[in-house]
Amino acid sequence: MAFLSVENLTYTYGQNTPFEKTAIKDISFSAEKGEIIGLIGHTGSGKSTLVQHLNGLIKPQSGQILLDGTDIWADEKKIREIRFRVGLVFQYPEYQLFEETVEKDIAFGPTNMGLSPEEIKARVYAAAQSVGLREELLAQSPFDLSGGEKRRAAIAGVMAMQPEILIFDEPTAGLDPAGRDQILENIVKYRDATGATILIVSHSMEDMAKVAEKILVMNHGSLALSGTTESVYAQADALVGMGLNVPQITKVFLALRRFGIDLPLVYTVDGAFDAILSFRKGGAPV
Amino acid sequence: MDNIIEVKNVTFEYDSADTSARQVLRNFSLSIARGSFTVILGHNGSGKSTLAKLLNGLYKPTAGAVTVDGMDTADEAHEIDIKRKVGMVFQNPDNQLVASVVEEDVAFGPENLGMEPAEIRLRVDEALKAVDMYDYRKSAPHKLSGGQKQRIAIAGVIAMQPECIVLDEPTAMLDPRGRSEVLDTLVRLNREKGITIVLITHYMNETEPADRVLVMHDGEVIDDGRPREVFSHIDTLKRAGLDLPQTTDLLYRLRQAGLSVPEGVLTVEECVQALLPLLTEVR
Amino acid sequence: MMKDITFGQYFPADSIVHRFDPRAKLLLSLLLMIFIFVAGNFWALFLIGGTVLTLMMISKVPVRLYLRNVKSIFPIILFTSLLNALYTSSGTVLLKWWIFTVTTGGLTRAAFMSLRILFLIFSSALLTYTTTPNDLTDAIERVLKPLKFIGLGNAVHTMAMMMTIALRFIPTLIEETEKIMNAQKARGADLESGNLMHRIKAMLPILIPLLISSVRRAYELAEAMECRCYHGGKGRKRMKQMKLSRADYIGSAVLVVLCACVIPINLFL
């Protein structure tokens, strides 16, 4: 039994109204502990609806979500506890900061969990460290931080709950390259340290190529492709067909292969570099 | 060359208690050629947004002068004229639309200029067609996608018939589809209507249509040239905290590894052409 | 999705009432409401009420929507009727119990007042169901325009601009509220249980971010408006011109005459 198992999830907004719109249909997938999964699809493909199901913000209309083998809606009164186990960082999470100090803001989740003051404090410091927030920032108002720091403080607020599954909705949206790289790095480090399952919603295939081990691709509310990062990116033509931006480097290699050059399909610059060098050594592609 | 905007020895300071963060630009000069497509690259805090707001007089220089078509932005008498000539589009599409019907929003600028209703109607229709949003003229902005909203914001500027549009990270909050919608629109406006475009961004691949790229870092221009030239200065780009396009990055690393590949490569096709000889000479 | 709910209660349909000039519609609704009060006897009230009911019928808005408005205001109708029924002492006494006396006069009065409130609700609903919030805002601005002759031109423009911006941003803010609520719920915020004090405190994590983001939006919008040459109402011309059609004139004339009839009916019937 997988750690997280989503079975035949379907959800329609505004059922029986003129605005009726099916957001997701018949979605099934599973995730194991410690995996980093990229969820790709363009705006309106149903990604946000799907992730809000996973922590019980939306109740499934049909299908179910099993966490460690138990339906998360088995006991409706305990849905808040599910949210502590499945953390969700929304898009532009810095807009939800509200406390007087960064420390208090990060403590909001742990406090809601009813933990002891010592435990809360320990978790706040650990979370701040996970996202690389300097300790002296904890006493400051979150509104005095820079854009990138605000984003990281907000992420720490969810990490401090120490969820077993951590979901990020477009964690790098609107950041510059330095800010983006730092956040992606923090996420991978957090997984390495805690063994949590990570799900990242993104429309950047380049970012996902760097961090994700498995990829889910959503298109018009359905799960169009899923599998290891290699196997999904290998279907570049299908991805382009869905209006997704395949990494530039993958496009280059696709074109080279059309010239009859026997190269493997790559999706990162590192991979491309290695592939070209080993090809030139006259050897068979790796 | 005929310049639409001239920035001469401009220093800009924010009113702030923190002296170190106060001075954003120091003795900064720049001219924007009429009809050009200029991309200004830089990471957050490089001073690029401040520069944008100086270009149409939204901010006034602390020292030095910014002139638009010879008019000093510090001169209040020219305020409206300058803002009409140099339109501005911001990052968050939601926070720049005023009316709850698309066509009424686009009409906002011309209405403020006191134009005749019939003339406004004409300009609104034309502007909406120019950004390919005419079919949505009766829609409510909040029902549109980010890219569509941003195109409405551009239409609102075009309806004032500006000579130049300055865009401050207009694609930062958009998905890839919205991003290319906006970029395509800008290219069309520049090529077909001859509107000068100043695009501020940190996405390197948005420099493709530019005829000039400026790289900003700590309030200074550290590189300035055609996209190809700028992209051959890898170290400068890295210093500015920018992402190399994957194609440029790959060729850079191959060159470092001792292979002979051309510099300043940008597009996928160019990269393929650059790699082909490397891969065919072996066999 | 909450954002799909249209703001206000406009009901899109193609009817004479919908097509009527919004300024005229606004003024005539006010006129109807005034004459509902002017009507001093049942005959006059039936004349105005009948007019309102006729307009409702040709508005192509389902009757149940009008009735929905009545439902929410029903307690008030009941309360006024009770007061009138119990405290009017004219006509024959029908019932006497403890300190209360119910008379025929009281009952008539209660019925009269209830009808008045009912027709008032119907005529305001008629306006809001058939006019978009936008048109309504425009109509208010234009109807109030003559106030510039007493030096209030700027105030009228400012108010209209504020209403326009409010209409534009209400859906955006609703969407944002929903998002922040979900984000805080994801951090375990409990918005549903506890006593009143607890609930008010629980709203802070939603209200504070909302307030901060609204201030930021306001600031950015102000800059954007400045960039689009906004400098107050002075010299500003509107694209959309409202022109009264022949149907508007005829319709208005008919309604004015009907209302005017109330006065002789009041006096002579």
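As written, the chain order gives the labels A, B and C, with residue 1 at the start of each chain.
One rule holds for everything that comes next: contacts are C-beta pairs under 8 Å (C-beta built on N, C-alpha and C of every residue); 3 or more make two chains touch, one makes a residue touch a chain.
In this text the structure is predicted, and so the values were computed from the model without any measurement.
Taken as a graph of touching chains, this assembly is complete, with every chain in contact with every other. For chain pairs B-C and A-C, the one joined by more C-beta pairs in contact is B-C. With centres set at the average Cα position, the gap from chain A to chain B is 30 Å. Each chain gets a centre from the mean of its Cα atoms; for chain A and chain C, those two points are 46 Å apart. Considering their complex, residues 13-14, 19, 21, 52, 55, 57, 80, 83-84, 87-90, 93, 95-98, 108-109, 112-113, 143, 157-158, 161 of chain A touch chain C.
Across the complex, chain A is touched by residues 43-45, 91, 145-146, 172-173, 175-178, 202, 205, 241-243, 245-247, 249-250, 253-254, 257, 259, 268-269, 271-272, 275-276, 278-280, 282 of chain B.
Of all residues in chain C, those touching chain A in their complex are 1, 4, 176, 179-180, 182-190, 204-205, 208-209, 212-213. Residues 53, 56, 58, 80, 83-84, 87-88, 90, 92, 94-101, 103-104, 107-117, 120-121, 124, 140-143, 153, 156-157, 160 of chain B are the ones that touch chain C when the two sit in their complex. Residues of chain A that touch chain B in their complex: 42-44, 146-148, 173-179, 203-204, 206, 243-245, 247-249, 251-252, 255-256, 259, 261, 263, 269, 272-273, 276-277, 279-280, 282.
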